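Presented sequentially are two complexes of subunit A, the first with subunit B as partner and the second with subunit C.
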Partner chain A sequence: MTHHSRMSLATYMNTDSRFLAQAYSFFGILKVSMVDCLAHPKRILSNFLVLFVRVGVMFALYAYAFKYVGRNVNGISFEIAIWSIAIYFIILATYLRYIFVDINTDVVSGKIETIVTKPVNYLLYRYALKLGAGLGDMLFVLIAVSLILGLTIGIPAGTHDLLWVLEVILITVLGMVITLLMYSLIALGSFWIDNARPFFWIVDKLVLVLGGSYVPIALFPIAIKLFAIYSPFGASMFATYIFNPDFAEKFVTLVGVQVMWILVFLILIKFVFGRAMKRLSVNGG
Partner chain B sequence: MNTKKILEELKVAWLISKMNYRNEAELKTSFMVQVIGMVVNDAAFLFVWLFFFSAFGTINNWSYNETIALQGYIALTFGLAFSFGDGARYLAERVHNGIFDNLLLRPKNLYLSIVTSNMQISALGDVLYGLILFGIYIFVAHPSFLQIFLLLTMAIPTTLIFLNIAIICSLVAFFVPDADKLSKNLFEVFFSPSFYPSSLYTGAIRFVFFFIIPAIAIGGVPVEIVRDVNIPMYLVIWALGIGWTILASFLLKLAVKRYESSNLIGARE
Partner chain C sequence: MANSFIVEVRKLSKEFSYTEKISGGVFSSFKKREKKILKAVDDISFNVARGETLAFIGPNGAGKSTTIKMLTGILHPSEGTLRVAGHSPQTEREKLAYHIGTVFGQRSQLVFNLPIIDSFELFGYIYGIEREAVKKKSEELIEIFDLAQFRDQPVRKLSLGQRMRSEIAISLLHEPEIIFLDEPTIGLDIVAKKNLRKTLTNLNKEKGTTIFLTSHDAGDIEALCERTIIVNHGKIIVDRPTVELSNEYLTDKYLRVELKNKSDVFEIPECRDVVAEDNIVTMKVNTKKYPLNKVIGKILRKYDIKDIDVNDAPLEDVISHIYEHR
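Here is the complex of A and B:
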């Protein structure tokens, strides 16, 4: 073994152990955050109450609308429309988009300087906190809403085997990753402008429209539907497609789009975060 | 409280709001970006309803015109309430963080001190957007002079209802520890149903969403009042505005009795 290759191996092992340490910290923080979230049952119940009202109103709206037209619209039945909207709001209940608020506040208040001096990756630390709390928040509403909808309108027709479950998990997780990356990228803009909040609103509303919050994507005009599929705003909410009749057929395309956006955001974040850290001066105090 | 005293308190509240506004407007670029950003943000809802009505047609006599007016009401009401009275939303956070004492010790009316303690500059974008939508509604629906009068004047009681519900939801912080998120969720329960055509709500649900959780009183019902020129209901909306203000003031007095200062030491805001 040459000196050069020994160095490479050492560097590799060092990188490897650093990666493991970061992963260990990430899951440690995530676990603590989740346990903390689950320790507040009143908050979880109030989250469920909000979701119940929102889905309940949409239920009434679409029950009336489908009764009025008397048929499926663009191949979408009443059951599929309600499940699609409910899934949107269940994912919304994770509050992952508020990663923007956390990072934006850290930057604007200067708190970030106290976190970056710690031996953890700042962004991973924030992601772990948000994800832990988000999963804790989502767990109860996911079970409760699924039970309520399953008992009232049933599960839409289609093949729902183990493969389908795995596809649903994959598409949901990738969507959550896009959400974290996209909103944290906007938040990093606070290093250059006084407050990036207006950009948050605009992106948030694009997700609201193109993610299928109030109107399922299948009911959109074709041009908007295509934009929803190929933009990161729609890609973050592909989980709402899982009951669509053509989900299995489109699955590979949907995952491909998600992976592409994750790669794009990772590159952008690496670049922007690096530049942002150069602008940061830690003054102590 | 006599009239002179009320006017004096309102004058102080107005001066505080003016000062808040000047503080926020100092950063001109940020101010403009926030206001315009909010207008763009709000416009998303209109697109959602455009897609909905193009797929389904009308909903129980509600079409695109009524929805424009409804979105206008919600934006204007939200904007008026929180551009000058955003403190209502932060009450739970203040109580939780132990910084409510600052307001409690002021020698002025507590209700107005709470309300004017914060200003949300982006809410001015909501006001602007609401007025634009009212302009569009007047242009497309051709309302009579009386209907325009009803449309504009009802923004006062709807704002009162909205603001006082925000205060009442925040009061939960006096009874439940760490209730910041809880109070925000309670407010969402009230606010979420207001976005939809009020003709959806019938029977007992309509009663609940009008009197108990007055979600449709801040937009849906006022739109129907304007469309049908329903004067008795117009008066009911005003009565609700005044009623919720009295109830919020009363509940605030009760809740404050439960407050225990945490004697937080720190820099004063």
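Here is the complex of A and C:
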């Protein structure tokens, strides 16, 4: 019997590069996930409404506070404060942090077995699905919130040229990578302990505070500001810093911190994931 | 030349450790607990030939799922060696994945909110298959598994039978040499089961795909598998061609006698479990104790017979007999 022809990427694309094969899979999975996400406009709309309410409440509170304190607080204007908070919530709309829930559920329910029998890296597969769904959500929210804030309070003063846009994209992407790595590292704890959820909540609240959800990083006291900048919790949300007057000056430091945390998390995940897979135990085996 | 065995297992064992719960007061959980070892798979060896159809069965907790999970690279063995399609599932998991298909009856691999055609696309990316090849192959599978009428419906709207057919179809997109089916007919109605078994039989015959099945449904085993391995307490207790199981492990024959006239009494001492309904009487005969020809002769002499059928014990009875007695 002549057996089946193998239809691997290596055969079809005339390459033996594992990196290219993984990249092809990664972006393909991301695309299908984005299509899946965009197939539910009602869900996207409800996400936007939640965000609208949250930013709206902050808008009202800060408008009231700035009315009494003055035009600038610690060098930060009302517009910058609101845009910083809005960016935090726009990034939050990607729900990338729930990569923890996905991995935790896969491990606890045993669903992980349907993925580890495929020729993909389990974590890359999960990241691609999450990013696909998250970017679909984020795109809509980004456009809607930018329009609303742009028309109501305008864009904060400063140089917003092409270089600035590229810097914003870079710092946002690096922040997202940190979010995925940090939360998936906690989720891998499910291989050792029954429930890693308490660690998820601790990290989540640290990101909430140090990421600048309710108070922009620029308004923090110096000690907390330093901790926010040099910890991964704040580094995952550096995009909230893009309208700050000293963004251009701090850009290299911010990117340097992000790259450092990405490297640290990559090393930890490689070590932990390898051990976790050997501990894998699923129902009925 | 390719190895004639697609699965080679030698002295395979798998141990799980767990801590024993101490009964007692509220704070008993804080005491030092004893670590226990459970041997789920205990020193088993077997081969599976390319193109073979194998049922790997056993009662709950026998070690069958653990074995399948080691063969597919999900679990790491404690001892022993195994190769599937020429690869080590533990050290070459990703390479092996191109050669195997897996269907876990109770877990879906499909994209829940999108039509199955999108799941085909997703699997195409996972296996690195070119888009044109994915289109061609998915159309072929849609036809083979009769998925056309619901190809555009989201997976969440499919019936269990439709979903299961889709699960198996999608696991064949990359043309695996062997497919591991874990309870593929669980929850399906009789017609859906029959259709699925027929499709899988055709797949094996036409494409030569090796089928490695685990199921609690004797009908699946009878219809699909030429060989059966039964495991219990982590060990292989039976490894035989499926058709031989009845002869070897049950000595009962099932008789169905159609009488010309209805009889109120049907008494043949060698027969047991006699059930009479109108002029049809069914019964069992232990052929080890009573030669079948003599029992039939006795029935023919005593009653006016229109027809008589002799059948082997149903496979379900054979399997339950083996589970209970070995």
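One rule holds for everything that comes next: the second predicted complex is superposed on the first by the 263 of 285 C-alpha atoms of A that agree within 3 Å, B and C clash if a C-alpha of one lies under 4 Å from a C-alpha of the other, contacts with A are read in each partner's own complex, and residues count from 1 in each chain.
Rule of thumb we're sticking to: contacts are C-beta pairs under 8 Å (C-beta built on N, C-alpha and C of every residue); 3 or more make two chains touch, one makes a residue touch a chain.
These numbers were taken from a predicted model, which means no experiment stands behind them.
A.B. asks: Looking at A:Y64, would you say it contacts subunit B, subunit C, both, or neither? Reply first, second, both or neither.
C.D. replies: first
A.B. asks: Check whether A:V173 is in contact with subunit B, with subunit C, with both or with neither, and answer first, second, both or neither.
C.D. replies: Neither: A:V173 stays clear of subunit B and subunit C.
A.B. asks: In the superposed arrangement, does A:K205 touch subunit B (first), subunit C (second), both or neither?
C.D. replies: In the superposed model, A:K205 contacts subunit B only, not subunit C.
A.B. asks: According to the stated criteria, A:G110 is in contact with first (subunit B), second (subunit C), both, or neither; which is it?
C.D. replies: second
A.B. asks: Now for A:N47: first (subunit B), second (subunit C), both, or neither, which partner does it touch?
C.D. replies: The answer is first: A:N47 touches subunit B but not subunit C.
A.B. asks: Between subunit B (first) and subunit C (second), which, if any, makes contact with A:N74: first, second, both or neither?
C.D. replies: In the superposition, A:N74 contacts subunit B only.
A.B. asks: First (subunit B), second (subunit C), both or neither: which does A:D36 touch?
C.D. replies: After superposing on A, A:D36 lies in contact with subunit C but is clear of subunit B.
A.B. asks: Which partner chains sit in contact with A:M260 here, subunit B, subunit C, both or neither? Use first/second/both/neither.
C.D. replies: Touch status of A:M260: no partner.
A.B. asks: Check whether A:A21 is in contact with subunit B, with subunit C, with both or with neither, and answer first, second, both or neither.
C.D. replies: Only subunit C; A:A21 stays clear of subunit B.
A.B. asks: Share the list of subunit A residues that count as touching for subunit B in one structure and for subunit C in the other.
C.D. replies: Common to the two interfaces on subunit A: residues 40.
A.B. asks: Which subunit B residues qualify as touching subunit A in the complex?
C.D. replies: Listed in rising order, the residues of subunit B that touch subunit A are 27, 29-30, 33-34, 36-38, 40-41, 43-45, 47-49, 51-52, 54-60, 122, 176, 178-179, 181-182, 185-186, 188-189, 192-193, 196-197, 200-201, 205.
A.B. asks: Any idea which subunit C residues touch subunit A in the complex?
C.D. replies: Spelled out, the residues of subunit C in touch with subunit A are 2, 14, 16, 40, 50-51, 63, 65-70, 72-76, 93-95, 97-100, 102, 104, 107-109, 111, 113-114, 118, 121-122, 124-130, 133, 137, 174-177, 182, 207-208.
A.B. asks: What part of subunit A is in contact with subunit B in the complex they form?
C.D. replies: Within the complex, subunit A contacts subunit B at residues 40, 42-43, 46-47, 49-50, 53-54, 57, 60-61, 64-65, 68-69, 73-74, 193-195, 197-199, 201-202, 204-206, 208-209, 213-215, 219-221, 224.
A.B. asks: Once bound in the complex, which stretches of subunit A touch subunit C?
C.D. replies: Subunit A residues touching subunit C: 1, 3-10, 12-13, 21, 24-25, 27-29, 31-32, 35-36, 39-40, 110-114, 116-121, 125, 277-278, 280-285.
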